[in-house]
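What follows is a set of structures to go through.
Okay, so subunit A shows up in both of these, paired with subunit B first and subunit C after.
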Partner chain A sequence: MEAAAGTLISGLVLGGMYVLVAMGLTLQYGVARIMNLAYGEFVVAAAFAALWLFSAVGLNPLLGLLLVMPAAFLVNLLVYGILLAPLVRRAGSPAALESDSILATFGLLFVVQGVMLAAFGGAYQSYPYLSVPVTLPGATVTANRLVALAFAAVIGGGVWLWLAHTRTGTAVRAVAVNPLAAQLVAIDVKRVAALAFGAGGALVAAGGVLVSMFLTFNAAMGVVFTMKALVVVIMGGVGNLMGCLVAGLLLGLVETAVATWVDPGLTLAATYAMFLAVLVARPAGLFGRAAR
Partner chain B sequence: MRIGYAVSKTGPNAGGASITTIPNYELWVKEVNAAGGLRLGDRRVPIQVTEYDDRSLSEDCVRAVERLINQDRVDFVLSPWGTALNLAVAPIFNRAGYPQLAATAVTDRAPELGRRWTNSFWMLGTGQGAGAGLAEVLGPLKQAGRIGDTVALISVSDGFGIELANGMRPALQRAGFRLTYDRAYPVGTQDMAPILAEAARGNPDVFVACSYSPDTLAITEQARVSGFNPKVFYTGVGTAFPLFKQRFGANAEGVMGVSGVDASSPRFQDYLRRHQASAGREPDRWASAITFASLEMLQQAIERVGRIDRAAVTRELQTGSFETVIGAVKLQNNLLTDLWQVGQWQDGEFYGLVPTNKAGARQAMLPKPAWRAA
Partner chain C sequence: MSRNALIFALLVLAALSAVPWLDSGFWLALSINIAQYAVLATAWAVFSGPTRYVSLATAAFFGIGAYTVAVLGEALPWPAVLAAAGVIGVLVSLLVGFATLRLSGVYFVVFTFGLAELIRQLVTWFEVNVTRTIGRYVFLDITQAQIYWQLLGLFGLLLILGTWLRASRLGFALRVIGEDEMVARHVGIDTARAKIALFALSALFMILTGAVMAPRWTYLDPAIAFNPTTSFQVLIMALLGGVHALLGPLLGVVPMALLFEVLSANFPNHFSILLGAVFMLVVYAVPRGVIGLLARTQRRRVA
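And then the complex of A and B:
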C-alpha cells in the first residue's frame, strides 16, 4: 500500500515536470502553428539563466522566474516577428508553414546552442537549491521537485484561466481551433499567434528555470526536452492544455510504475508503447479533435 | 609543427569532452608554445593547432580525422573524446601510421586492439579492471566482517555503463558477494526515485551504480534525500568530476567511483594549479591527468626522436619510459596498466584506493559517513 502511494507520488512529481516542460509547446505548436524544434534549447537557455542568476547574482530561481519569464516572452516575440512571421505570411497552407517552421527552427536550434556553448561551455551544470527532503507517505521527495510541481499547477491553472475566461484567451483558442474562421469574427490572427508564441516562450522559460533546480544539464541537452515535450503535446492533442496536463501526468505515472514494478530498463519502451497506443486509438491525441 | 584534433564541442559528448579533453589539449599547447615550442634537435618549433568539432558523431569524427591527415597534412593528430569515437577513428590512424593515444577510452577489448593496431595506445583501462578493483577493495572488508555480502547494482544501458556492470558482476560474485538487485535503466532517465527505492529495499551493504554523469548526480542526490546510506556507495562517470564535490560538498565524503588520483604527489598538485590557471577550473580526477600525461608522452617521444618521424615516435611510445603528471609511465603492450581502478572522496579529494601497492594509495574509509542535510 505504502509502496503504491510512493509510486503514485513519484509518478505525479515526474509527470508534473513533463507537463511543465510541455505546456509552452502546446501554445507554440497548437496556436501559433510553429513546430519549434529549438524548443528544448530554450528550456536549457532558461536553465542557464537561472544558474547564472543564482551563482553570479545570488538570486534564487523562484524570484529569477520574475525576470526570466518576461525576458523570454520578449525574446520569443522577437523571434516570431523577425524569423517566423515572414514564413507565416508566405505560407500557402498549414502543411507548408509546418515544414518551413521546422527548417527555420532547426537552424535556430544551432544558433541558440552555439550561443550557450560560447557563453557557458559544454560542461555539465548543477546547483543545489531547496534540495531538502520532504517525507510523504511512501516516498521522500526533494522540496525543489515539489515546488516545481506546485508552480506547474499554478502556472498551468493560470494559463487555463486565461484561455477559458478572458477575451484574449478565447481569441487564442479560436485561432487554435480554426485560424481561417477566426478571421471572420475579426480576430487578428497574426497578433494572436505572435502572442501565443511569446506566451509559450515564457512558459518554456518557466519550465527551464524550475527543472534547473534539480536536473543536471548542459548546453547539448535541449533535444531531450524537445522530444519529451513533443510526445506529451501530441499525445494530449495539439493545442489542448488539458490534454497536455493529462498526457504529462500519465507519462510520469506509467514510467514510475514500470520502473518500480517491471524493470527500469523498460521505461522508454513503455513511454513509446503508450504513445503509439494512444495514436492508434485516437490519431488526434487524447483531447484532440480529429481533422475533418 | 602542425597538430590537429577532432573533439566533441557540441552534442551529447560535449559534457565529457569539455571537462576532460579540451582544457588539457589547450593547456598543453599553451605551455609548449610558451617554452618556444617542441624541441626538434637543436631548434624549437612552435605548435600550430587545427581543431574540428565532431558534433559527437562518429561519421563526422572520421571525416575530420581523415581531413586532418590527408588535406590539412598535420604532423600529429590527438585523439577524440570517448570510447566510441576512439574506436571509430582507430583504423584511420592505423592506416595513415599516426600514433593514437586514446586517453578517454575504456574498453575490455583494449588488449586486443593494442595488438591489432600497434600505433594505438589505450590508457584508461577496462571495465573488467574497474570491477576487479572494487572487488579487491571490498573482498577483504567482507572477510574481516566489516560489511555483509549484499550488493545492489544499477547500470545505464549504454556503452560504458554496460561494460562496467559486466566487469562488476563476475568480480563481485567471485569475491563472494550476492546481488540483491541488478537492473539497467535507459540513458537520460530523469527521475531516479523509483529505481533507488527498489535498490534500497533489500537494505544492501554495498550499492554500485554504473552510471553516467547526470545520473550520478541524480542518484547521489536521491540517495541523500531518501536517507539511503549503505556502507559502500559507488557511482560511475562524474563521481571524479569537480562538479560532484561542488554540488555535494561534505556529502561527497566516502563516495567511491572509478579511478582516482594520488593527490599527495607534488606533480599532481602542480598540474592542478596550472590547469586551474589555464582553464579557470579544476581538472576531473579521472581521465584529465591521464590525458595530459598522454600529451607529455607524445612530446617526450617526439623530442627524443628529434624529427617528425611518426613510425619512430610510435616505437618510442611503445617502448620508452616517460615522466608525467601521473608519475613515471611505461606502457605494457600498448596499454597503460598502472592506473587507479577505484577512488574515494576523502577530505575533499578523490584519492585512489586500488592498486593498493601504488604510490599514494589510501585505505578505504568505511562505512561511508551518514548523509548530512545540505
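And then the complex of A and C:
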C-alpha cells in the first residue's frame, strides 16, 4: 500500500512534467505547424542551464525559472525567425512544411546536442536542491518533487488561462483551428505563429528546469524527451490542452508503474506500447473525433 | 534507370571489386565505408524517395543486423546468420509499417524517430536481465575483402531490384502515392500495402548491411550497434544526392563519406555540431539534391 501511494505520487509528478513539456510542443506543432524534433534537446539544455545557475552562480532553480524561461522564449523566437520562417515561406503545402521542418529540426537536434556535449560532457548530472523528505499520508517523497509539481500546475494553468481568456490567446487558438480563416479576421498569422513557437519554447524550458530538480540527466537524453512529448501530444490530440493533461498524467503514471514493478529499463518500451495502442485504436487521440 | 545504364553500373561495380588486390589498408577501409553508405542511402531513398515519408529508422535496422550477428555469429553458418537477421528485421519493419503507414506521414516519422533508442533499450534490458552479458565479441572468419565484396553484391542487387521496381506496377503505384495519396486511393491503389511492402524491402537491405559490417568491429554493444548518428548520416547523404533517381544518393555518399572521414579525424569532439550544420546547409541550399541541380542546369542549357 505504501509502495502504491509512493508510485502514484511519483507518477503524478513525472506526469505533470510531461504535461508541461507536451503543452509546449502542442503550441509549436498545433499552432506554428512546426514538427520540432529538436524539442527534447531544449528540455535538456534548460536542465543544464539550471544546473549551471545552481552550481556556478548559486541561484536556486525556482528563481532560475525567471531567467531561463524568458531566455528560452527569445532563443526560440530567433530559431523560428532565422531557421524556420524561410521554410514556411518556401513551403507550397502543409505537407511540404511538415517534412522540411522535420529535416531542419533534425539537423538542429545534432547541433544543440553537440554543443551540450562539448560544454558539459556526456556524464549524468544532478544537483541537490530541496531533497528533504516530506511525509504525506501513505508515502514519503522529497520536497523538490512536490515543489516541481506545484510549479508545473501553476505555469500550465497560467498558459491555459492565457489561451482561454485573453485576446492574444484567442488569436492563437484561431490559428490552430484554421490559419487561412484566421487571416480573414485580421489575425497576423505569421506573428501569432512566431509567438506560439516562442511560448512553446518557454514552456519546454520550464519543464526542463523543473525536471532537473529531481531527475538525473545527461546530454544524450533529448531524443527520449521528444519522443515522450510527441506521444503525449498525439495521444491527447494535436492542439488539445485537456487531452495533453490527461495523456501526460497517464504516461507519467504508467511509466512509474512499469519502473517500480517491472523494470526501470523498460520505461521507453511502455511509452511505445501506449503509442502503439493509440495508433491502432484511436489514431486521432483519446478525445479526437475524426482523423485529420 | 534504363537497362543499358544498369548494365554499365553493374560492370563498374565488377571493376571496383578489384580494390582489395590493389590495397588492403586505407583505400580498402575507405571503399568499405563508401560501399556501406551507398547501400544504406540508396535503400533509404528507394522507400522515402517515391513515397516522401521521411524514415529515421536506418540505425534501428542497421543495428538489428549487426547485433544479430554478434549474438548468433558463432552459433550458425554465415548464410543462416544473414537469413536470421533478415527475418527478425523484416518482422520489425512490418510491425512498424502496419502500425503507422496506414495513417498520415507524421505518425510514421515519430515512430521511426525513437525506434533505434527503443530497440537499444530493449536489447540492453534483455542482455542485463536474461543473458547477463553486456557487450559481445565478434570473432568470425571473415576478411575485410569479403566484407567489401558482400557490400558490392548488395549494392548491385539493390540496383537491379530498384530498376525493376521503377518499371513495375508497384513502383508506379508508389509514385502516385508520393504525388497525391488521395488520388492514389481513388484510382484503386491499396496504398497501405504498397508502402508497407516497400518499407520492408528497404529495411531488409539496411539489415543486411548491418549484418555484413558487424565483423569489422570485433566488439559490439547495443550503444555501438544502434548509434543514432547512422540514421542521420544516411539521411544527409541521400538528401544531398537527390532521392528521385536510383543513383542519386550515390552522388551524396561519396563526398559526404570523405567529409565525415576528415571531420571525425580532425574534430572528434565537435563532430556532432558540424554534422548538424552540414545537414542544415543541405536542407536549405540544395533541397532537391545534387541530381536536382544537374537536371536544372541541363534544362537551362536546352532552353
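Everything that follows uses one rule, which is that the second predicted complex is superposed on the first by the 249 of 292 C-alpha atoms of A that agree within 3 Å, B and C clash if a C-alpha of one lies under 4 Å from a C-alpha of the other, contacts with A are read in each partner's own complex, and residues count from 1 in each chain.
The definition used in the following text is that a residue touches a chain if its C-beta (ideal position, glycine included) is under 8 Å from a C-beta of that chain, and two chains touch if they have at least 3 such contacts.
It should be emphasised that the depicted structure is a prediction, and the values quoted were computed from it without experimental measurement.
In the superposition on chain A, contact of A:128 is made with subunit B only, not with subunit C.
In the overlay built on the shared chain, the residue A:44 is in contact with neither subunit B nor subunit C. Residue contacts after overlaying the shared chain place A:100 against subunit C, while subunit B stays out of touching range. When the two complexes are overlaid on their common chain A, residue A:7 makes contact with subunit B while staying clear of subunit C. Judged by the touch definition given at the top, the superposed model places A:234 against subunit C, while subunit B stays out of reach. In the superposition on chain A, A:215 contacts subunit B only, with no contact to subunit C. Judged by the touch definition given at the top, the superposed model places A:68 against neither subunit B nor subunit C. When the two complexes are overlaid on their common chain A, residue A:263 makes contact with subunit B and with subunit C alike. Looking at the shared chain after the overlay, A:279 reaches subunit C, while subunit B stays out of its contact range. Overlaid on A, the two complexes show subunit B and subunit C touching the same residues of subunit A, namely 113-114, 117, 224, 263, 265, 268.
Across the interface of their complex, subunit B is touched by residues 3, 6-7, 10, 13-14, 17, 113-114, 117, 121-128, 131-133, 139-142, 214-221, 224, 252, 255-256, 259-260, 263-265, 267-268 of subunit A. Interface of subunit B with subunit A (complex): residues 8-12, 14-15, 17-19, 56, 154, 157, 183-186, 188-191, 193-195, 197-198, 213-214, 217-218, 221, 224-227, 238, 241, 243, 247, 373-374. Listing the residues of subunit C that touch subunit A in their complex gives 52, 54, 56, 99-100, 103-107, 109-111, 113-114, 117-118, 121-122, 124-125, 128-129, 228-229, 232, 235, 239, 269-277, 279-280, 283-284, 287. If you check the complex, the residues on subunit A that touch subunit C are 35, 37, 83, 86, 90, 95, 98-100, 102-104, 106-115, 117-118, 223-224, 226-227, 230-231, 234, 263, 265-266, 268-269, 271-272, 275-276, 279-280, 283, 291-292.
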